[in-house]
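What follows are several structures.
The following pair of complexes shares a single chain, chain A, combined with chain B in the former and chain C in the latter.
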Partner chain A sequence: MLRAIGLKLVRLVPVLIIVSLATSLLIELVPGDPILAIIGMEGDAGDYERIERELGLDQNVFSRYVDWLANIVQGDFGEQITRPGVKVADRLRQTFPVTMQIALMGMVLALLISVPAGAWAAYRAGTRFDRLSSGTAFGIISIPSFLAGLLLVFMFVFHSAIPRYGVLGLGLLWSLWLLGSTWRGRRDGAERALIRVAAAVVVAGLTVWLANKWPSFPRQGFVRWTSDDGRLENLRSAFLPAITVALTEIAVFMRLLRGDMQATLQEDYILSARAKGMPPVRILARDALRPSSFSLITLAGVAFGRLIGGTVIVEAIFRLPGMGDLIVNDGVNTGDFPVVQSGVLILATFYVVLNGAIDISYSYLDPRLRRAR
Partner chain B sequence: MHMNSWLLKLLALLMAFGLAAAACGNDDDGGVATAPDEPAPAEPAEDGGDSPAPAGDDAPPPADDGDDEDGAPAPAGDENIAPAPQDEMMDNCEATVAGTEITMGMFSETAGLDPTVSSGSGTTGMIELASMFDVLAIYDQVNKEYVPHLAESFSANDDLTQWRLTLRPGITFPDGTPLDTSVVQYTMERFLREGGRNQGRAYVAWIEEYEIIDDLNMVFHLDRPWGTFPYALSDETGMVVNPTVVEAIGDEEFNLNPVDAGLGPYNIARYAPGEEIVVTAKDDYWGGPVCVETIRFIRIPGSPGTYEAYQNDEIQVAFLREPRIIAEARANGDDTNGHVFLQNAGGVVFINNGVRGSTPPTTDVRLREAVALAVDPRVMDERANEGTGQPGSSLLSPNSIYWDDELFAPVEPNIERARELVQEVKDETGWDGSIRLACHNAPSRIDWAIAAEALLEAAGFEVEVDNDGTVLDLIGTVLVNADFDLACWGFNVSDETPFIPVLQFRSDAGNNRIGYADPNMDAALDKLQVATDNDEIQAALAEIWVVWRQSWPSAIYETIEEFFIWKPEVGGIVGTQASALLFHDAYIEQG
Partner chain C sequence: MVEVSAPPDAPERVEIADPEPGRRSRSLVEGATRSGVGAALLLVQLKVLYDSTAWLQVAASLIGFYLVVTGLSLLIRAMFGTRVEPATWLSVAWLGVLLVFVFLQLAGLFDNLTADFANREQPPQFSAHEPLGTDRVGKSVMNQAIQGARVSLVVGIGSVGIGLAVGTIVGLVAGYYRGPAEGTFNILTDSILAFPALILLFTIVAIFGGSVLVVTLALSMLSIPTMGRLARANTLTFAAREFVTAARAMGASNGRILFREILPNVALPLASYAVIIVAVVIVAEASLSFLGVGIDPISTPTWGNMISEGRQQSVLKDAPHIVFVPGVLMFLTVLSLNRVGESLRVLWDPRESKL
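This part shows the complex of A and B:
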């Protein structure tokens, strides 16, 4: 195992060198000049030349890259060109946790919703639930994240009555359905009827309470986990961005798991478990989920890596001080290459390490792979 | 049994989710601030805003009249004496909520907290910096004149080449370093250092000598007359910094964490680039108690997001610059508390008159006139701002304090005359009518370019539009490469400081970006340079406008509004110049 990890770490080095060199060349090709960002519309050609000279920006791209790489090897990420004295490492330290939290919360929300929904849709393939969940998933997939973000702002920030009373209505309908099922299943026994009535009361109570205590969400901004405002404020500020990120992933994960699990449920050992009278939840959770989750884990890993660097739209909509905002707005748009190169390096490292970890996790999921090694 | 346990687990899970979601909220009913039901359209304030009066009448005794014992030249002329630093009502913050916080949504972010690094004006850092450093003078938006602030008085000699400054006595930085004339000299000279980026370095360079008379009195000797020199005392160049702190921590650290380095009502508490600037009140501010404990400055990209945050009560002060959103705020009645800064000639078609030896077709004055006659401000406004902007083809807006119907009569669009002029040049020179129009790719500017292209083509131009790049590309095209015929631009001639922006039209100006040269304009600018009161400024601007309409340096189509609004419970915010606000008297009303 240690050898496998060591090999993966060794392979990381050439990947990162290629990525950083490619970034360096690409940033040279895209528009954006830090000196123009500094002088602004009030400057003139004389100012341009003076600042170029002062900052030593008249070097070619390869000289700049070699200088940057030499500093990186010594652990120095350099300074922002457009903000004198601001260390790039400080900016990365400041922004990475924000993006990480949003991506992590988004992934957790996506998995919490998609895994049960996908598994149940596979188990009840062809039923109303399956058709409804599939239709919803296709609908969600077709909404781009910038639109989803704005819709969530519209509903949760400026028209909070919509989700509030929507949840209340759905909860009460569910509660009524539970009461109805008690009547329909009145011959199932008193114990089961009691549980259903209790469930209906709990659901109704919970939804009424939730509607009464409906939280307000901020339009923009981010309260840090370590802020004096507290953890709950942090979760409140991160909730809408995380949901925005999660929405697309929910739909994709759900469709993927449904397909894989439907195939798994046709396996002989599942039929055997069913024949023994095992409850469906146990079959789904303990027997079918693990062999069905290879694709899901691979995709979740890739998606998580992508989210770390790709939440720029969500960050822009909700004004989050994250990595995407840093790299695009403070880096690419102004041609501040130390920011872009160092930011991309961190993301590439994270991405490669994450995928390596996923590779290693396969051997835990499938004993055959472990034995093969 | 198995089904029962599954159901119970599901219910437990739901309850956990419900509890978590509810815990994220607060105890109110989740109500969201919404716009009033019946919007009341509001007219732009004629005086440029409705900020409260900055100070009372209990002014301290005037400073030494300049009859110096040490033989220094005694500047003559009227002396501006500082009013009381603080409104009487605010002497002890009685009518306010103590320990409160204001969050302000800014237009853009400063590059740092060093006044020599921040690029300047309220759009980019001046408000934040003024809260920490304070300024030697402020522009009194009520009486429309510069008045001393950290200074006690200032006055000029007869030819306006020497300005005497007297500082308020007894003011000290938090570490005990006194405010004296050497500190003022140190502050201004820092603008010329390597690494300085603020445009103030251009006019600080006009100061030939700092004559220190004593700790509180000094004379600035200028290399040219300047009637509105107090502008330099009210800008970043007038933000006095503590030399002890700067020298102790160095320029770079000072740019990030200038604790105790200023004389403003606030001290830096947190500077997180890209996130926020937080300042907290000093308990020993020289001007008296500071009633708002904390101010957070955050940048929300774009006016729509800023206004939404304002409506949702997430910010109490908002800076709006997009005409459509300003119109929406007015329609919602959100302009009752606030301040409007006018940027006259904020929207212009920048015309290359032959900068740096280039020979664009627009070196011919007839084509420049044709451009000015073809560009119809109302059409441009309809296209770019959905008719919500401030279209106008005069040097000044009708809302300007210098406005006069006759003196500043706008250019009337005349497509027939424009067509004649274009045809005349074509016939005479064989020019094919082609002309390049540079702009950038912001959505409103794409619409702008479409409108400009249509109007110019109607006059007989063959327009080649280049608006693929960003605003930085446009800056490079115009300022660095000078490779343009026409460009979307702005002169931003503010009422508080008309001289600095129009200075670029002087034939020998270092920042003459269009290559315009006209001796009559130079003469008119000379008059503006020595203008000291608003009548003189108006007369000089009127003369500039006369010359403008003869030589057509560029085509004006719009006034830009820089629009600040704050919540009804917020008060005491003072507008000064360069779209900057001062918070030393700010308060939040109880109840």
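This part shows the complex of A and C:
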């Protein structure tokens, strides 16, 4: 196990060096000039050269890269060029949690919705629920995230009646369906019928309550987790970005889990569990989920890594002060290379470490792999 | 990962002699009614409801779209038998329609992009001069959307073409020779893929400017490692097969084994993935344009450029069609490419579809 982790870490080094070197070369080529951004309109050529020398910008790319690398190894991320005195590490500390929160909330939402839906679709393969959910998933995959974001803003911010009545209608339909199943299963005994009717009442009550208390979601104005306005405000302001991020992932995860789960459900031990009279929920959650979750975990890891680096769009739509915003607006646009390099380095490290961790997690999921190693 | 698009009982329904003679005509009638009602709903949505409440419009379009698609599917099934997949053929049809419009545009139609400030932010109306409305300065949304389709297709097909050509060769070599070639290949592809994609694209466009050519080349930078990895993985499995050993035993050169024995086996699965990656690239190009760092919006309208108007509060609120017309076109195109790619994969990639 330790050896596997060590190997992964060793492989991390060349990737990170290539990524950061490529970043500094790319930034060198970007036309923005950070010194002009500092001195503005008043400075003359003398000022320009002085600042250039002070910041070490008169040296070539490679020696600057080596300097930067030497500092990084000592844990010093340096200062922002365009805003002297502002530590890059502080900026990263401010922006990383925002990106992280959106990505995490998106992932949690995606898994919470996709796992039950995918499992149920696999269990009920070929039925109306399966076809409807698979078709919807296929459609959702084809909605680009920026379009999804605008669509959500359009519906939740400008026309909140749409999701509100949508939820109300769907909830009432569900509760009616539950009542219908009570009628269809009227020979199952009084206890079952009672549970179903109770479920129908609860569902109807919850949807009416939700539609009544429908919260309004802000388009912009992110409230930090640590701010005085409280956690609830933070969650409310992060809700739309998180849903935007989650939407595609829900669909992808669902399709994947459904496919794998359907294969698992053909196994003999599932049949024997069924024959013993285990309820389907228990079979799906206890017996079938673990062996079916390999591809899901791989993909979830890749997706999470991508989300950390790829929330630029969501940050642009909802004006979030995140990493993407920092790297693009404060970094690339002004040629502020410490910001870009450190930001990209963090994102890339996160991505590679995450993928390595997933590789290693396989052996926890499947005992057979443990012995093979 | 297996896509079981047909319900499991579908094969049983492939009947040679129709045991139930009334069913075909019944589903013909039902399909025709459904698609008719759906089309009517969409028309009503555009003609009558264009200034009514938004939720009514959205509901009408969704139901109309659903009815049209399911109705056409029923019709296709009834006419060509249950073995065909209606969704795939509908997708092919949509891509065909798009291509026809692109060629019409190349032939000089849909060219007019003059601003007509008096008629700005006109909603879509079938009877009007501009059936899909006008944008914030009064340019025709329809003409822009069709020109945007041209850009999307050129960028998508161009960069995936490059990615397919280069990636296949690199992946073949890495997967066949193994050793240092494979090691270098792995580290390089890891590096490119670990780099946040949008930031890479953003930087390249910032350096070289936002022309169609630059964006195409920049996106091919991303499709090369993707296609290369797939090519390598496929090569690995085929290089261990008996026919390769047999060819080597007969004295075939490495080049011959690579290009005459392995490549033909690898090419088709890769091509089916390439179709899906075209969709990904179209989305990526539009994302760049959406962020305002893609293809220059003044000279070349693209779908992403059009949709990025929606970042302004007022556009999304008062003239949502500026966003949703290109949005729907893009959605349908990406959906169709995904669908076609998926079907081709089931057809061409025996390894995956066997499961």
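Operating definition for what follows: the second predicted complex is superposed on the first by the 343 of 373 C-alpha atoms of A that agree within 3 Å, B and C clash if a C-alpha of one lies under 4 Å from a C-alpha of the other, contacts with A are read in each partner's own complex, and residues count from 1 in each chain.
By our rule, a residue touches a chain if its C-beta (ideal position, glycine included) is under 8 Å from a C-beta of that chain, and two chains touch if they have at least 3 such contacts.
Keep in mind the model is a prediction, meaning the values are calculated, not measured.
Engineer: Considering only the touch criterion stated at the top, classify A:P218 as touching first (chain B), second (chain C), both, or neither.
Structural biologist: In the superposition, A:P218 contacts chain B only.
Engineer: Considering only touches as defined above, state whether A:F158 meets chain B (first), chain C (second), both or neither.
Structural biologist: A:F158: touches chain B and chain C.
Engineer: Output check: A:L9 vs chain B and chain C. Expected answer is one of first, second, both, neither. What do you get?
Structural biologist: The answer is neither, since A:L9 touches no partner chain.
Engineer: Where does A:A316 make contact in the superposed view: on chain B (first), on chain C (second), on both, or on neither?
Structural biologist: both
Engineer: Return first, second, both or neither, reflecting whether A:P31 touches chain B, chain C, both chains, or no partner chain.
Structural biologist: Both partners.
Engineer: Regarding the shared-chain residue A:T82, is it in contact with chain B (first), chain C (second), both, or neither?
Structural biologist: So A:T82 only meets chain B here.
Engineer: If we overlay the two complexes on their shared chain A, which of chain B and chain C does A:R192 touch? Say first, second, both or neither.
Structural biologist: In the superposition, A:R192 touches chain B alone.
Engineer: Considering only touches as defined above, state whether A:P279 meets chain B (first), chain C (second), both or neither.
Structural biologist: first
Engineer: Using the touch definition from the top, say if A:I39 reaches chain B (first), chain C (second), both or neither.
Structural biologist: In the superposition, A:I39 contacts chain B only.
Engineer: Using the superposition on A, tell me which residues of chain A are in contact with chain B and, in the other complex, with chain C.
Structural biologist: In chain A, positions 31-32, 153, 158, 219, 316, 333 sit in both the chain B and chain C interfaces.
Engineer: Please give the residue numbers of chain B that touch chain A in the complex, ascending.
Structural biologist: 2-4, 6-9, 11, 14-15, 18, 20-32, 34, 111-112, 114, 117, 119-120, 124, 194-195, 197, 199, 251-253, 255-256, 272-275, 298-301, 305, 308-309, 311-312, 314, 356, 469-470, 472-473, 475-476, 479-480, 482, 489-490, 510-511, 513
Engineer: Name, in rising order, each residue of chain C that touches chain A in their complex.
Structural biologist: Touch residues, chain C against chain A: 1-5, 7-9, 53-55, 58, 187-188, 190-191, 194-200, 202-204, 206-207, 279, 283, 286-287, 290-291, 304, 307-308, 310-311, 313, 316-317, 320, 323, 327, 330-331, 334-335, 338-339, 355.
Engineer: Would you mind writing out the residues of chain A in touch with chain C in their complex?
Structural biologist: That would be residues 14-15, 18-19, 22-23, 26-27, 29-32, 125-126, 130-131, 134, 138-139, 141-147, 150-151, 153-155, 158-159, 161-162, 165, 219, 255-256, 259-260, 262-263, 295, 306, 309-310, 312-313, 316-317, 324, 327-328, 332-333, 340, 344, 347-348, 351-352 of chain A.
Engineer: Report the residues of chain A in contact with chain B in the complex, numbered from low to high.
Structural biologist: Result: residues 31-33, 36-46, 48, 51, 54, 80, 82-86, 91, 94-95, 153, 157-158, 160, 164, 191-192, 195, 199, 202-203, 206-207, 209-210, 213-216, 218-222, 232, 235-236, 239, 278-282, 316, 319, 321, 325-326, 329-330, 333-335 of chain A touch chain B.
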